[in-house]
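Take a look at the structures below.
The same subunit A turns up in both complexes below, where it pairs with subunit B and then with subunit C.
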Partner chain A sequence: MKQSVVVIALFAAVMAALPGFLGDNPYIADILITILMMASLASAWNIVGGYAGQFSFGHAAYFGAGAYTTSILLTTLNPGIPVSIAAGVLVSCVIALLTGTIVFRLRGHYFALASIAVAEIVRLTVLNLDITGGAQGILVTKVSFGSLDLNSKVPFYYAMLFLLLVTLGISALIYRSRTGYYLLAIREDQDAAASLGINLYLFKNIALVISAAIASVAGSIYAVYISFIDTSTVLPLRLSIEIILTTIIGGIGTLWGPVLGAVLLVSLAEALRSNMIGEYLVNTGMVSEGSATGAFLKSNLAHAHVLVYGIITVLCILGLPKGILGFFRRKGEA
Partner chain B sequence: MLFFQSLISGILIGGVYALAAMGMSLVFGVMNISNFAHGELMMLGMYMAYYLFTLLNIDPFLSLLIIMPLTFVFGYVIEKTMIDRVMDHPSENQILLTVGFGLIMSNSALLAFTSDPKILTTSYSSSSIALPGGISVSIPMLLSFLVTCILTAALYLFLAKSRTGMALRATSQNREAAQLMGINVSRMSAIAFGTGTLLAASAGAMIAQTYYIDPFAGHIFLLKSFTICVLGGLGSVIGAGIGGIIIGLAEAMSSAYLSSDWKDVLVFILFLAILLLRPQGLFGKKGEQ
Partner chain C sequence: MKKKLLEIISLSKHFGGNTAISNVSFNVEEGLIVGLIGPNGSGKTTLFNCITGYYSLTSGSVMFDGHDITRIKPDKACRIGMVRTWQRVKPLGNLNVLENVMIGAFSKTRSAGESRKIALAQLDLLGMSELSSNTAGDLPIGLKKKLELARALATSPKLLLLDEICGGLNNTETLELMETIRIIRNNGVSIVFIEHDMKAVTGLCDRIVVLKSEQKLVEGTPSDITGNHDVIAAYLGKGYKHA
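And now, the complex of A and B:
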């Protein structure tokens, strides 16, 4: 525990000082905010997926519920940002509890399947309702918070950083608490856990609700940051899968795995999207520009980041099923 | 009249859903794996039918004779090279492997065929038979329903009568006992996955005339197949067949009497309701969950 606190504090200090060193570069700031957001989401997912071993394939629902609730409130009643975020958390927790109540009585694949179904119900409902703007989405403008300049990226950087630190703190706390031991016991052997008197149903729900609440706050901050949301940006199945992949690739069930995964995957996606990798391959002469391969890579690699995710996932499961961090740790150390 | 029209179109589309879901159920029964790449395998069938028709002018239903053996081999090889390695891993890793495989397939399709939806139009694509009372039956849907019936009967005979089919059922009932009886369970897994791929791709090829063909066209069918499998009892092939018809009917009725915007929502709510009320499915045995 002491060690985790020290590392988290060190991480906080470095990350808090980072914008000072990087200067005012909106492009870098945007990538950093995305990394912090994915790290928060993956860490949140890790509580229910990594610790309790319950794989949610629908975390986009909680992210999206937070984003939508906050946006709707801010553009209608406008009770201020903190209340709007809290309302999002409330909605997400209700969705999580409903899902958990229905599905956690069952074992095996059912939770994975039902979590997708719930996420799809949320997505299609948002798409069909009027209050959510349907397919057009919601424009979140004219939002203010004290004297902060919300056109700058800096407040959002610190907001996401704060969320990540809180998430890491909660994760470390849960991991070393009685609840954490219960969750690990459930992950390792449900029957054994139940026979020791652990209420499986209750503790799985606790893990899911905590995880959903964090994902919801990430969604709320994101909505205010990006100023425009629709179902394809905050509620797609793709986002749910990216959250899982981030955790798996970094190291599932570890404190820092999700953060490592977010750094690697977001940077990789950005490098592919900006065509940095395609140009590098051509410029270094590894692939000649005139050749068919060169032309193909240059024009297509920018769209290939999900394909690369897929390849990494398959290789990871076949080669490093415990993720990068898990690979470097001895078995049993977690 | 609306009722009978919906009844007929519901049964026809339900047949195709059933075919796709039977493939998923077979894989689940024999291998105990939820195949999240099932929708992509349908998408593969759609594109194969499209290109066989546009390039070689082979009718989509005739092209099944080419698509079926090819996709069986494809599934068999995928099982042997990838999925077989994670058979004794936790089920989450198996799910993720199929998720990753699905991402590779859909995004490779995106690179190869772009995201522009393709439309397969044959001479009879939009023709229909008029029945008394103003009911019309779409010819491609009727043909796909008939072919589905033939394939279902063939699958049933294969599972019920052939030695391989019996071995598949034995593996599905109890993997260890089957192995002790001298059944090569690893080979059975590969055959089940190959057959599942074949069924998914056939379903895809048959609806290629009715739906837009794009790299992510399979997504919605993945979720529907899951719903159908759970409705029929995970692992029950017959249950998946009947479940497919029920879901087809539920969809057709809800778009006729409610609104077509909400029909997919209704399917997923039905899915949660089954999990809540009868998690073993309509035809599953109690305690199997």
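And now, the complex of A and C:
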């Protein structure tokens, strides 16, 4: 526990100082904000998926519910950013509890299946309501928060950093508390856990609600940051899956695995999307531009980041079942 | 007359058209070790599953410490002081031995430090201290059985339901474990004990209940049982004719 606190504090100090070194580059800032956001989302997912072993395939629902609730409130009643974020958390927790109270009575893969269904229900509902702007989405403008300049990326960097630190703090706290031990016991063997006095239903719901609340705050901050949301940006199944892949590749069930996964995958996705990798291969002469391979890479690699995620995931599952962090940890112990 | 801790009253359990337990009744008095024996498929483990809430009963009722617990949930059963071990062991495989036992201890305390203390004391009692940091899933079967016991004891139960805890142990280990179980009883924990090892059962139990073909065949002291011709015919075999 003490060790985790020290490491989190060090991480906080480094990340807080980082913008000062990188200067005012909006492109880099955007990537960093995305990394912090994915790290928060993956860490939140890790509480219910990694600790309690309950795989949610619908975390985009909580992210999206936070984003939409906050955006709707800010563009209508405008009760201020903190209240709008809190309202998002409330909506996400209600969705989480509706799912959990029904599905956690069952064991096995029902929760995974139901989480996809609930996320799709949320997405389709949002797509067909007037208040959510339907397919047009919501433009979140004229938002202010004290004297902060919300056109700058800096406040959002620190907001996402703060969220990640809180998430890591909560994860570390849970991990070393009775709740954490209980979640691990549920992951390992539900019958044994029940025989030792653990209320499976209660603790699975606790894990899901905490996780959903964090994902919701990430969605709220993102909505204000990006100023425009629609179902394809904040509610897609793709997002739910990326959250899971980030956690698994980084190291499921560990404190820092999700963060490591986010750093690697967001950077990789960006390198692919900006075609940096394709151009590098051609420019260094590793692949000739005139060849069929070169032409293919140059035109298609940029769209292939999900494919590359998939390949990495398969490799991880085959070679590093405990993720990259789990791999090094095991090496360290040996 | 000692206080009845557990009362099983006309308990029956059917799975569809199959009868697993039919109209079984017996009591466990406080401070006793009760052996539950019977051929394979006679319903011993099913009975445990019914008492601790893993199965719902078809008919009958169960009382524990004066309360009706017929429809209790497994986790609640543990919290009111009735804990079981598993014949097919269920270690929390990726956690270490200490963590396994701590999870049991958390049923009586919220503090991680306190539960660590209880768990270490429990492991010490069972002579498993040096295994604390071993991964539970990697232990050999005999130690996994002992871990089941340690974990169950850490919940500080009034009644301990042991399902073939000696299976997979050699003779010396069985004798040691018998001694440990006697100590546990002397510390005030009542025990119901499913076992096939007759030496263990007759040596340890105050009373023995024999199940056969889903029903209670007979109940009595070890000497009653080993002298009973029905039991010998049904279960013990020729080797115990002169027992």
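FYI, the second predicted complex is superposed on the first by the 330 of 334 C-alpha atoms of A that agree within 3 Å, B and C clash if a C-alpha of one lies under 4 Å from a C-alpha of the other, contacts with A are read in each partner's own complex, and residues count from 1 in each chain.
Operating definition for what follows: a contact is a pair of C-beta atoms (placed from the backbone, for glycine too) under 8 Å apart; a residue touches a chain by one contact, two chains touch by 3 or more.
Everything numeric in this text was worked out from a predicted model, so none of it was measured.
Once the two complexes are laid over each other on the shared chain, residue contacts for A:143 go to neither subunit B nor subunit C. Looking at the superposition, the partner that touches the larger set of subunit A residues, subunit B or subunit C, turns out to be B.
By the touch criterion stated above, A:124 is placed in contact with subunit B alone, subunit C being left untouched. By the touch criterion defined above, A:263 reaches neither subunit B nor subunit C. Shared-chain residue A:195: touches subunit C; no touch with subunit B.
Residue contacts after overlaying the shared chain place A:154 against neither subunit B nor subunit C. Common to the subunit B and subunit C interfaces on subunit A is no residue.
The residues of subunit B lying in touch with subunit A in their complex are 34, 82, 85-86, 89-93, 95-97, 99-104, 107-108, 110-111, 219, 223, 226-227, 230, 234, 261-262, 264-265, 268-269, 271-272, 275-276, 279, 289. Put simply, subunit C touches subunit A in their complex at residues 52, 54, 73-75, 77-79, 83-84, 86, 90-95, 99, 102-104, 106-107, 110-112, 115, 151-152, 155. Here subunit A touches subunit C in the complex through residues 176-178, 181-182, 184-185, 188-189, 191-200, going by the rule given at the top. Put simply, subunit A touches subunit B in their complex at residues 49, 53, 55, 102-103, 105-110, 112-114, 116-118, 120-121, 124-125, 127-128, 237, 241, 244-245, 248, 300, 303-304, 306-307, 309-314, 316-318, 321.
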